[in-house]
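Got some structures for you, see below.
Next come two complexes, and both contain chain A; in the first it sits with chain B, in the second with chain C.
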Partner chain A sequence: MTQYIIRRLIYSIFIIWGCATIVFFMLRLVPGDPVSAMLGIEYTPQAAAQLRKNLGLDKPIYVQYVTWMGDVLHGDLGKSIDTRQPVTDQIVSAFPKTLSITILGFIFGAVVAVPMGLLAALKRDSVFDWVASISTFIGISLPTFWFGIVFILIFAVEFRWFPSVGYVSPSDGIWPWFKHLILPGLAAGVGEAAILMRFVRAGLLEVLGSDYVRTARAKGLPERRVIMSHAMRNSMIPVVTVAGLSLAGLLGGLVITETVFAISGIGRLLTTAIFAKDYPIVQGVILLITLFFVMANLIVDILYTFLDPRIRYG
Partner chain B sequence: MMSEDLGRGASLSGTFSRRTVLRGLAAGGVAGVLGGLLAACGGSSSTPTAASSTGGGTAASSASTSTTASSASTTTTGSGTPSTGGSSATPAGTAATSATQAPKGKQGGTLTMGYNVQQLLQLDPARISTGRVAGELLPQICSALVQFDEKLNVIPDLAEKWEISDDGLTYTFHIRTGLKFHDDAPCTAQDFVYTYNRTLDPKLASPHANKLSGITAAEAPDDQTFKLTFKAPFAPFLATTCTRGPGRALTPVSKTSMEKMGNDESLLKPVGCGPFKLNLDSVNAQSGFTMEAFDGYYGGRPLLDKIVVKFIPEPASQVNALAAGDIDMFNEIPPQGYSQLQGNDKVTVEKIHGTNWIAVQFNTAKPPFDNQDARMAVAKGIDRDKFIKTALFGLAEPSVGAIAPAFGWATQTEADLKENPEKFDADAAKQLADSSGLSKAKVELLASASDHRNEDEIRNQLLKIGVDVTLNLLQDSDYNDRWQKGDYQMAIQGSVVDADPDDNDYNFFYPDGPWNTGKWNRDQAKALLDDERATTDQAKRAKDFQDLQDLARKEAAFAFLYHAYFLPGFQNYVKGLPKVPEIFYMEGVWLDK
Partner chain C sequence: MADQNSAEPIMARAMDVNVSADERLGRLTEQRTAEGSRFWRRIRAEKKAFLGLIFLVLLIFISLAGPWIAPYGADNVDFDQLAAPTLHHPMGTDSFGHDLFSRVILGTRVSFSVGIVGALLSMIVGVAGGVVAGYYGGWIDNLIMRIVDLIWAFPAIVLAMGLVSIYGAGVRNVIIAIAIANMVAYARIVRGDVLSLRESDFTVAARAIGVRDWRIMLRHLLPNVAAPIIVQMTLTVGFGILTETGLTFLGLGVNPATPTWGQALNESRNFIHQAWWLAVFPGIAIGFTVLSMNLLGDGLRDALDVRNVND
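Here is the complex of A and B:
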């Protein structure tokens, strides 16, 4: 197992390097010029040339690549072209916000999805199952921003229970922090809940029809034990797979939620940088997201061994 | 609650501002209908409106006039031609205006201000390239030589008075005594020389360096005297280059702090001598920053203790945040949210004439719009009233030229024209489209993928005259790139936050002007713009600008569309905000709660 993890970690280095390299060159193939975006209406060819020189963008691409890679290996992700602030600082500032929403959204999603999926599977074709299925379709079909705006209109504008925009650091108080996260967390959690519930229900239904569950029941085990100890555990494999990937996906995929709630997280940082052609920021954030995906995959694979002792890695 | 202040000229005639072109702000990340507009800076001087102007005034003169207008006690010496021309204008001593008067209202409190920006690109005055940030946020942090009053006249700020030589080539500013930067360093005439040199330093790559290109010498004979010598008169100099907000090129910053930080860090952290001190640790390019009352401000400590600026890029969230009471004010209400706030009796939205204009810019160097009839077909084929109703929720005025309504001394409406060749006429437009071959041509309109409401409406309207327009949807950086290189047929462009019509007209209409990417090069346009810069007579300047618009309309260089209203919104308990279009002066703002 240890050898397997070490091997996977080594592979991960190549995956991350490959992604970083592809992103580096693809960014420069996309039409548009960061300097023209920066200068906006103050653009003049002279000002643009000077700025390009100051930023090192006048050098050949391969020189820029080698320089950047060298810096990354030394732990330096460079500075934003637009704001000239260190990329690391901007990521460090944005990351806790996105992570907070991600975790809260995931918790909201899991708290709703697991029991609902379980009940829907156990009461298959009942009214509850039918209602739960419709709910999941709605949760998956409606966009996150719609839920966000509806939550804001109800809970912020109408009742004024929670703030409609912004983020407060936990260092300024746990309750203010949590209060600012409830609505974005809920908005992000709706889609998560819907997807997870489908997998919990489907996974459990499949397992409940399998031979070993029938055997367990035939042995006279209480139904509760059959479900919780035998069926649930095995049905969790696809759920864990989806949960792991969506958790990692949330990290870069919360841009809509972050925009609606005016929270300057990783998603907004990335999309703003993409539109502005702020190469160092895009490269730095993609590195982070790649790292998360790779780690999430690894953790999911390791979790399989706990859920199903038959799975072995060597 | 809504309040309207649409008084032409009388209350809004001065101008300050910066030009802006559409996509600019978008690149910086500003959202909203005007979100695409890039603001550059511009500038010009305030303008004496009929009511306020005393002498003949030109732009520069606006300086003098404005002073006169702003306080009865000021004296205008030299009559004649202030601006470039010669005349001096000196608000003798009493600069007495908003900045120096003790603010009236309740002291204390924190104001949370929502701001429609996706990301803050710059705050350093020498490098700022978005007009709304420069006009609405920067004035709190950085005071300048002069500023605008509510009527958009140029009034004293750090310079308590100034003189302009008769030939318009020498400006002598008398700097107030005892000025301090936020780092407690003294601010003297030497700091203006430093700022001048810093802006010109190639290492800084200031986009405003060109605004100083006409200056041959910047000197500080003593700590209280700052003297500039020009090689040729430049009428709009005071407003475009010296004002708090639009005048970034000469807005002083602390040498000690800026050099200590270096060019990178100081990009978002200017240390100026405005009424509010930027909390340097609070600056976050994505989320906002905090400004704190500066005890050392020459006009006295501002009434608010603190201003917290929160960036809110999404229009629906902007409106909801104000409706929910999560923010105390928002810099500009998105037109799509205006009606939602109309029924809210806790919120006020001002409706003020802006300093902007928006139009379809044609690439006159390439087919099909190298043909004047093709351009005229488009210009005549757009029903402006319907366009404004559909694309802008009715929150704009039809435009007949590139002079915003806030410039009451020069602007024109349909009623002022003997004839408007671009007036909507669907039948004539259809005929022209057929005869010029436009109806059979492949026609493209450059558009931003993030916001193309205006472009959609243009497309719909032109379909009715038989012209099938394809929208070329691009990311903002690509859009800017294509537009700057002249790689387009049509684009919706324009300017916001102008300080003077010269602020954008020069760049758009002057042959080889940086925004004249449609290559509409006319000797007559050059002559008119050269003349308005050199003349000292404000009426003559107005005539020059109007003749230029006549020419542009006659040849359909642009299809002029609209002037959007400026719509700041705030809770009713926010008091004391001057109604200056597209610029905020917050030292007198207070909270009545």
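Here is the complex of A and C:
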């Protein structure tokens, strides 16, 4: 198992290196001259030469590549063209907001999905199961950002329970911070809940049909114990995988949802940078999100081997 | 998906020396045509798939006949701006006085075609990559699958945004982004199946009588991996539509002058206090479309007995 984990780790490092390479070439793939694209109407030959020098674009491509990789390893992602601030600083100030919504959405999703999924499996083919199944289909068929808009309509515009947009730092009070995060968190949680519920239900149904559950029932264990201590435990294994992966998926979905709530997380940072053709920021944010994604995959894989001792990777 | 217990007659047919090599292979594929009619029977039996199929036909009709069904033209402007839904304007009007109902109908064609073309493109590239990787193995397999792993590492929407940031917004680039982000799923599914089919009797038989590689891949391997491809294709149309509406919502997708669902939702943010209909109806249109694709895909998965793609 240790060998598997080490191999998996090394492979992840390669993947991250590959992603960093792709992100490096992003700027070089911009059709025409990326420098004139970034400068836009402020273009003058002097400014272009200066920017080219700042970005290191005047050096041979292999020098650029080695410099970029070295800088990335040191956490230096260059400077924003727009604000002239280090990209890393901007990401560091934006990321906690995105992460808070991601975690909140994850919690909301899990709180709804796990009991609903279990109940749906236990009452298979009942009206409840049917309703739960339809809800999951609707949940995965609508974009997260649309749920955001609708929640604003209902809870902010109609009932005025929560603020519709913005973000407050937790240092200004936990409750105001939380109040601003509830709606985006809920919106993020809907899709999460839908996906998770399907897997909880399917996982429990599969385990309930297995031999050892039949044995447990046959030896006269109360149904409650059969489910709680025998079935549940094993049915949760696939759920961990989905949960881990959807945590990363949530982050991706938030890229758009943040715009709805005008929260200046990394999604907004990316969107505004794309409009401003601020490539260092675009590169930095994409690299960060990918890193998060790859790490989530890695952690899930490793957790899996601990959760299910039957799994042995060759 | 081939019958397991029919291996013996297959070999017998393939060995029949009285007919030409090509005809012998034709006989091998005969049973797949029989599977075709079973396919329809299974779909009818599967309620989800059937419902999804009906919705799909309806959506195709709306996309094709949109301009004739829509009560008003896309640019028809009424003095009644931001009017609540009435009989004249069943979904209300937007801030320019456009009839929202008409624009939602006309938006079907845009989103639907972007989703379908993106899914088709991703299928062609992904399936080709998967078949080649699985069939040849070795370094080709390694190379293709490492590229797949790399693309897989980027969340789809982020990949799409990255591409749009390089090449600019617009329908064509959104389609390319959808294609690239989704092709890896096909490659993974197809490669896995081809890997096991490569050693099957009918492939070995075909190779033994000297059928060329590309012909084996096209005529003998592809039909056998069709079921998971169809399922994935259906789901990809849904993903594609979500990606397109998301990008358009951000202003990074389809040209804002075109009536689209994403664009309508984008506008709804500015009038969220005055006009709930701007947010609700285009969202329902998106949900209905993606839902029908998901129902169809999920139903087909059950009907064709395809294992879960993400396992």
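The criterion applied here is as follows: the second predicted complex is superposed on the first by the 255 of 314 C-alpha atoms of A that agree within 3 Å, B and C clash if a C-alpha of one lies under 4 Å from a C-alpha of the other, contacts with A are read in each partner's own complex, and residues count from 1 in each chain.
Just so we're on the same page, a contact is a pair of C-beta atoms (placed from the backbone, for glycine too) under 8 Å apart; a residue touches a chain by one contact, two chains touch by 3 or more.
Note that the structure is a prediction, hence the values are computed from the model and not measured.
Once the two complexes are overlaid on the shared chain, A:I140 sits against chain C while remaining clear of chain B. Contacts of A:L251 after superposition: chain C is touched, whereas chain B is not reached.
Within the superposed three-chain model, A:S36 lies in touch with chain B and out of touch with chain C [touch as defined at top]. In the superposed pair of complexes, A:Y304 makes contact with neither chain B nor chain C.
Using the contact criterion defined above for the overlaid structures, shared-chain residue A:V294 touches chain C, although it does not reach chain B.
Legend: residue contacts after superposition of the two complexes on their common chain; A:I15 is shown touching chain C, with no touch to chain B.
In the superposition on chain A, no contact is made by A:F24 with either chain B or chain C.
Of the two partner chains placed by superposition, chain B and chain C are both touched by A:I152.
With both structures placed on the common chain, the touch criterion links A:L269 to chain B but leaves chain C unconnected. Within chain A, the residues touching chain B in one complex and chain C in the other are 30-31, 149, 152-153, 157, 164, 259-260, 274-275, 277. Residues of chain A that touch chain C in their complex: 15-16, 18-19, 22-23, 26, 29-31, 137-138, 140-143, 145-146, 149-150, 152-153, 157, 164, 248-249, 251-253, 255-256, 259-260, 270-271, 273-275, 277, 279, 282, 286, 289-290, 293-294, 297. Considering their complex, residues 146, 149-150, 153-158, 161-162, 164-167, 238, 242, 245-246, 249-252, 265, 268-269, 272-273, 276, 279-280, 283, 286-287, 290-291, 294-295, 298 of chain C touch chain A.
Residues of chain B that touch chain A in their complex: 19-21, 23-25, 27-29, 38-41, 114, 118-122, 129-131, 202-203, 205-210, 263-265, 267-268, 284-287, 310-314, 316-317, 320-321, 323-327, 450, 474-478, 480-482, 484, 495, 514-515.
Of all the residues in chain A, the ones that touch chain B in their complex are 30-34, 36-44, 47, 50-51, 54, 79-80, 82-85, 90, 93-94, 149, 152-153, 156-157, 160, 163-167, 259-264, 268-269, 272, 274-277.
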